[in-house]
């Protein structure tokens, strides 16, 4: 924040990101086709995780219904492609916009906190799925569009990378803006935030709309990428849980967390796939990982590394941190 | 009987007590005075084992730090906490019965219940009523009655007069005095210093987590500094 | 179509469903009431007991009502391990962490069941003569289920209302600090409550196996019915669980018959969302 006050500082702060982007752009050139597809999944996780982390991590608003926006984005882009224009960019952006415009379905839940917000948004996401299955009934529930990408094309990777990079950039801007700082006070205590003049409801609405837009882009891209969707797959609970999952593993409320978490999780899945092909094992690891991370390293990979790094830095400076007095009662 | 030696305690990183030392001898009424946020409640929480601490806390020579709250109760050390902490959706009688939950008190449950009802007849009238529906004064009586059900040897009271009408305050203090006459030691936290010093034997004044004055009740009542800070002012603002 | 027979049958079906919803919701409500922990893995205790009864019947011909009793000690072992290793550490943790940790546990148990027994839908083919009153018919196993449910409720009423431990459980749920200061070993109360909830859900598992399919994610589907029930009835309230289960079971049955079978799945989610956003405090008593 301080470094971005001068143009040179901005450039310096951006440098690591630009290098990372360049590396990410070069990566698929060295990957077999199968791994390119895995990388596309990974980038989708990054997009979903980063956008979830804005509301769930920085603003502390536990949403478990992102699948609603993923599904809306997917249907938005497919319907656009079928009836309006098959242009890829247009249809994906329409998907994102439609999802963003649907943010008001969350408004009634804004007064809730913690697990109650989580349950309400979860219920909302699942309701969307049930309704979509009703609205797009039977065999015809699926939508097809002509295949856009050749099998061995690198294009899907760069589309996914573009969406992920866009989301990361928007996220980075958000958390450094007044909006982001306001939301972090909401996370600590929304009463206090209100009393110091933070427009809590408006800020929540904006951050959820940003998340819905990015999630809708991901959904729209996913739909066009596959060329076929149905309600069950695009409104699936997985699209609500995965972003939370990768963010928790990587480090909730840290900028790098969802990115690191997504990469870690996708690599781990591939390694496991090499060892066994039973989906049940995948589920067990998924559950175990979640459990262990929450109980042992609740700050995630990035959060924990930062904490360790800070401790080392403190020690080097010879500063002693105040020892905590144990509190036994709950 | 009870001895605190340079006790330090707090919540998370925030330290609240910076070395509190005090004692209560058998049969004594000791009053702990101090302004809002001085750390009086925190001191009682440490004694009852609700929060951890560093330093020494002993009850009849036995160290209490690290001991679970329920085991401290088994030693006969009871607390009437700030905010009363009643079981609001349970009946008055169930609240009292919970008071004699400890193995030490259970055998005397029937007699203790009678005594509590004798001390506070209004509780007997309302024994099937939910505790949450009682008036503030009745709730305070219930909280004291509940603690007395455990037949305490040392009773800690955290601002029992808070929010009560004057005649109720007198009744509550009277109940405390009678319990003390039956041999129970008392550590009383109060902001109502005038009244508390009138019937306590000794007292301590806490300020910012440190004991700043100590002495017999009359010494404290006559101390100009104490008077200025806790008697005159408090009476004027009360 | 809109005859009284259909209506009567629909209500009876709803009550039969409610008897199962109660088994999962009682566990949720007890654990939340005492520990303020939301246990998402409650449904998996049910699923495992359902599998237990299924296999005992399929492999050894053990009568399900016998295995229903046998599942109780088995569930207590698992429940105690879960309490010690996981639930106890979640006391006072952030909501989100409780939610995700118990979700992780739920996934793990589902994965283990799937690994051992595959994701197939199975049936426990056990039939009892059905009960007919006028034009209303109820399968025998459902009648017994309702009976078992009433027995569990009676036991719970006795335990909470008439025993000393039950009184400490109520006291701890009402005011944890107050209970500690009365000398209650709240950790023991926690463990007792958790195990009680586990055992009730295990009994519910066998009930479930008798009237529905058995498969690894069957509990995951039920947990959200449980949420709907406890949110409707008031988190942590036993009477609320009874009312909430009946309301949910009967409403679902009605929607199923008179509206659309697809949309009956919507009822629980709609209940969660609407009740939470319209009366967030009102229905949970003191929750927050």
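Just so it is clear, A, B and C label the chains in written order, and each chain counts residues from 1 on its own.
Here is the rule we use: a contact is a pair of C-beta atoms (placed from the backbone, for glycine too) under 8 Å apart; a residue touches a chain by one contact, two chains touch by 3 or more.
In this text the structure is predicted, and so the values were computed from the model without any measurement.
**Q** What chain sits nearest the middle when you go by CA atom centres?
**A** Chain C is the most central one.
**Q** On a CA-centroid basis, which chain has its centre farthest from chain A's?
**A** Here the answer is chain B, farthest from chain A.
**Q** Counting C-beta pairs in contact, pick out the pair of chains that comes out on top.
**A** A-C
**Q** Quick one: report the Å distance separating chain B from chain C, using the average Cα coordinate of each chain.
**A** About 42 Å, centre to centre.
**Q** Mind checking the centre-to-centre distance between chain A and chain C? Centres are C-alpha means, answer in whole Å.
**A** 33
**Q** How big is the gap, in whole Å, between where the Cα atoms of chain A centre and where those of chain B centre?
**A** A distance of 52 Å separates the two centres.
**Q** Which chain C residues touch at least two other chains?
**A** 177, 180, 186
**Q** Two or more other chains touching the same residue: where does that happen in chain B?
**A** 50, 68-69 - these are the residues of chain B that touch more than one other chain.
**Q** If I count partner chains per residue in chain A, which residues reach a count of at least 2?
**A** 329
**Q** Going by the contact rule set out above, which residues of chain B touch chain C in the complex?
**A** For this pair, the touching residues of chain B are 48, 50, 68-70, 73-74, 78-79, 81, 84-90, 94, 97-99, 101-102, 105, 146-147, 150.
**Q** In their shared complex, at which residues does chain A touch chain C?
**A** Chain A residues touching chain C: 56, 62, 108-109, 111-116, 118-120, 122-124, 126-127, 130-131, 133-134, 241, 244, 248, 278-292, 294-295, 298, 329-330.
**Q** Under the stated contact criterion, what part of chain C meets chain B in this complex?
**A** 164, 167-168, 170-171, 174-175, 177-186, 285
**Q** Within the complex, which stretch of chain C touches chain A?
**A** Result: residues 38, 86, 89, 91-92, 94-101, 103-112, 114-115, 119, 176-177, 180, 186, 216, 224, 227, 231, 260, 262-263, 265-266, 268-270, 272-273, 276-277, 280, 288 of chain C touch chain A.
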